[in-house]
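Order as written gives the chain letters A, B and C; numbering starts at 1 within each chain.
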Amino acid sequence: MLSRTAENLYWLARYMERAETMARLLEVGYRMALMPSAGEGYRNEWASLVAAAGSAAGFEAKFGEEVRQRDVETWLFFDRENPSSVVSCIETARQNGRAVRTALTSEMWDALNGAYLELREIERRPRSAAHLPQLCDWTKRHGAQLRGATEGTHLQNDGFDFLNLGTYLERGDNTARLLDVKYYVLLPTTDMVGGSIDTYQWTTLLRALSAYRAFHWSYGGEYSPRKIAHFLILNRACPRSLLHCQEKVGEHLGRLAQAYGRRIIAHDRLGVMLGELAEARVQDIIDEGLHEFLTRFIYQNAALGQDVADGYLSGSTTMRLPTCA
Amino acid sequence: MLASSAREARRGGEAAIGIFNEMFDGEKVRPAYAGLVDWVERTPREVLEQKKQEAEALFRRIGITFAVYGEGGDTERLIPFDMMPRVFTEREWRRLERGVKQRARALNAFLWDVYHRAEIVRAGVVPADLVFRNEAYEPAVVGIDPPGRVYSHIVGIDLVRTGPEDFFVLEDNCRTPSGVSYMLENREIMMRMFPELFRSTRIAPVDDYPERLRRTLASVASPKCDGEPVSVILSPGAFNSAYYEHSFLADQMGVELVEGQDLFVQGDFVYMRTTEGPKRVDVIYRRIDDAFLDPLCFRPDSMLGVPGLMNVYRSGGVTICSAPGSGVADDKAVYTYVPEMIRFYLGETAILKNVHTWKCADPEDRKHVLANLEDLVVKEVHGSGGYGMLVGPRSSKEQIAAYAERIKANPSDFIAQPTLALSTCPTFVAEGLAPRHVDLRPYCLVGREVHLCPGGLTRVALTEGSLVVNSSQGGGVKDTWVLAD
Amino acid sequence: MRLSVRHTTLYEFAAPVRFVAQSHRLTPASSGGQTVLDWQVSAEGAVFGSAFVDGAGDAVSTMTVQGPVERIAVLVEGTVETTDTTGVLRDHRETISPRVYLRPTRAIELSRGLLELRDAALARVAADRALERAHRLAGAVADAIAYVPGATHAHTTAGEALEQGEGVCQDLAHALIAVAHASGIPARYVTGYLFTGGDAGEAAHAWAELNVGDLGWVGFDPANRCCPDARYIRLGSGRDARDAAPIRGVARGGAAEAMDVSVLIDAQQ
């Protein structure tokens, strides 16, 4: 397929996934804000969300230092000046989709374009009518609709692989960031650990990842950072865990190598990463420091994304004969 | 009460003498529309109204949009779709078909001739300067032999009807006639919404058009192509007003939709950049203008084209559809010579009539035009899409005076034609059904064979009395039916 | 006269570029005034292809380089046997109609000054004396625009050069084409080489051809006040300098480029 098409599919999936993460972040913020304030030691929950979304500088430039809920909602959901806001992500996803309209099934395009058209309706309505939890649900629903349409109608060909590479590279990155918010940003002091606020925050995080019940089923009711870290990093059954995401990336890279009869650098890098992650124990991660571990993961995951771009998406003009994988 | 809804379409004050109503002959329903009138009269008005809304929603979801030049703001405006189809009998269509094919053959023969020995100029049939000094005549392709001697692979002929047997050609489109996606989508929507109509009436299908286009393109692949030809559609990109059509066609044909950046030249061929490495391209159906095709041959600032493409084309490594330089055949001044072309190349008499055209470059004609502006339609020779034209009978004295000055300043840029009494077709408007003026663009494919798709794009002027059907000027579209006997 | 040419065009990019494509009109065609004995265009690391002869009889081909690349040297080497045809282009195979060369381009757009120049030049020449009219126009252009290297730039138009009163061979050729058009004479831009016998002249050169009645195309070199003779090698033609350019290219990756051209011509009598 055209390199540009592959690139558009890849980014279409990444941006849809990112839109969902923004919605999930907003949901975390909304639920946490419902708790009574936890005192002096805390930074405002909303501020930590903006930081986790990776757009603190842009927010401050626009709204100033004081972080208010309404401004964060605006910034993370509606603001076109924020390239990662839900609106920006869905628009970018649709632009990518529109550029490769022929590579999408009509069901996929309907899901994508439908989300875009509804979004414009939402924007036209008075803001008071847009209740945050509903907006978050709306976003997740459309993400699920597109993935469902992809799964159910798209040929399981290389295009499907590029879509999935986008989804899982982005999702791995997003889970790592969300986990990092909870562990590093929200709770800088250890004396809170295990308290009711701590528990509340963990549940919120799990809920935001649509993994609250799944966690219960797998681990029983008790929350410990150790269990949750295991669940979100090393449990391959959890669809948002880092290991699951990487295995999915591996699966689709493998299919591409087979279809094209050649491997790229990404295959080697993933092999190393996956080997390490599959053998890791929670204790190793805690010893390294969760934040340090997650930072390293995010960095390696980005490098993997770059390998995929170089190997498939940039349109190399080198005439080459296929070599066996 | 219901019976009146179709019947009233005949009145609407129009019945303005001399205007051909496609549905009614006096009180009588014309044969082509018999089934349709029957259906309209049986269907409650609320149902029709509801269907109309469904159709619009369907259209928007599917994504047909049309950027209206110079309007700004919302670049994805919907083109109005009218549910009432425009119908031809098989007999009417057969004659049209012969006329359109004849014209498409003659135009291609003309193009091959003017880029070779220009016999038609030597014979004194077409003036040399009209060809060689024409801005659309492309010196870079003189002597080049496109496969099958085909230059214009998709010919769109704009037709109007003024009487039962009277069809006039308004203009020829030899470069990249647009709108065929509307033809296909209009039909798709009609079939989804009114399956009972299609069950009770035998209507010639149009949905094989993409496949025929694909085969047409493959049939003109370069002789250097070994194996199954690879065809692509070259688009300027998602910001082009016709992008929807480009992607729709690519999808329906099962070919790649590429932009300039996806292609590159090496050695004797053009390649596309794919995830598996470079892949050779044999036929390019381009939807970008000549000037932007190749910065090494035409506009050096073009970012839309492919550097080196023209050399590959000229050395026979790739086929470009339509061929660069095809525009010289659809120039509005060259248009006046098409009946002579048909005689010269085919030895036949033109089946479809030309509209009488005064060339403002000619002093006698100019005098006539300037003296009769209030009765004429004046067009820019190189203009398109209904922009920059003067419709005399619908213009103010001031507008006419201003236009006269433009003609005097650059007479050779203008031609004038009588205001034709375009036929009307019943159309849903706010008050119900009413007659509105229509034209027709059928699509003729020219490869190793010539094929006319049985249908086309009927454009309708939605404003009462208006003769301007361009979608950029508030026109709408209708499905076009050709009945099988 | 046997002329041997060695013409190097060196491109250096400030940063490596990803892709370079060039269209070359670098190979002369044999005609009454010149026989090409041997001729070669080369560049290290480049792919050549898409060769053909266009309607005006010029050999054209494409050169591409897949980067990253910082430096490209295009080398043209060859030998041509020339004879003096007093400027008349004889036995040149071309199919294009001369009427095409009456169309304006930006570089040869008419100005009031050019029209006055034409009027003055043709004041006392009968309309049917085509060759004499052509000579008068060439002479008038040579009188009006002094040959001053570096006086103008690549995009200077004929009208601007005339106003300035100085220019290089490109400007003089453009001006002559413009006034010829204004007189109803088809005219085109010609590129080539000029053997100047070792003194510092322009070895890469440009002049104009005017289509003069029964003679057909006749060359006029206003910069040297003569018609091309055995010292000239005709390379290619076009409607103006851009259209006729021996090399037209693009580099993707957008780094600033520096170009250096050197032409050496030797003659064996």
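Going forward, a residue touches a chain if its C-beta (ideal position, glycine included) is under 8 Å from a C-beta of that chain, and two chains touch if they have at least 3 such contacts.
Computed from a prediction, not measured in an experiment: that's the story for all the values here.
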Central subunit by CA centre of mass proxy: B
Far-end chain from chain B, centres as C-alpha averages: A
Between chain C and chain B, distance of the C-alpha-averaged centres to the nearest whole Å: 41
Rounded Å distance, chain A centre to chain B centre (Cα mean): 47
Chain centre separation (chain A, chain C; CA means) in Å: 60
Chain C, residues touching no fewer than two other chains: 19, 66
Multi-chain contact sites of chain B, meaning residues that touch two or more partners: 264, 266
Where chain A touches two or more other chains at once, by residue number: 317-318
Contacting residues of chain A [partner chain B, same complex]: 1-6, 95, 98-102, 106, 109-110, 113-114, 117, 158, 162, 256, 260, 312-313, 315-320, 322
Chain C-facing residues of chain B, complex: 115-118, 121, 128-129, 131-133, 135, 137, 139-144, 264-269, 295-297, 300, 307-308, 310-312, 314-317
Chain B - residues contacting chain A, complex: 60-63, 237-238, 243-244, 247-248, 250-251, 256-259, 261-262, 264, 266, 271-278
Touching residues on chain C, where the partner in the complex is chain B: 19, 21-23, 47-56, 60-62, 64, 66, 95-97, 99-100, 102-103, 239, 242, 248-250, 252
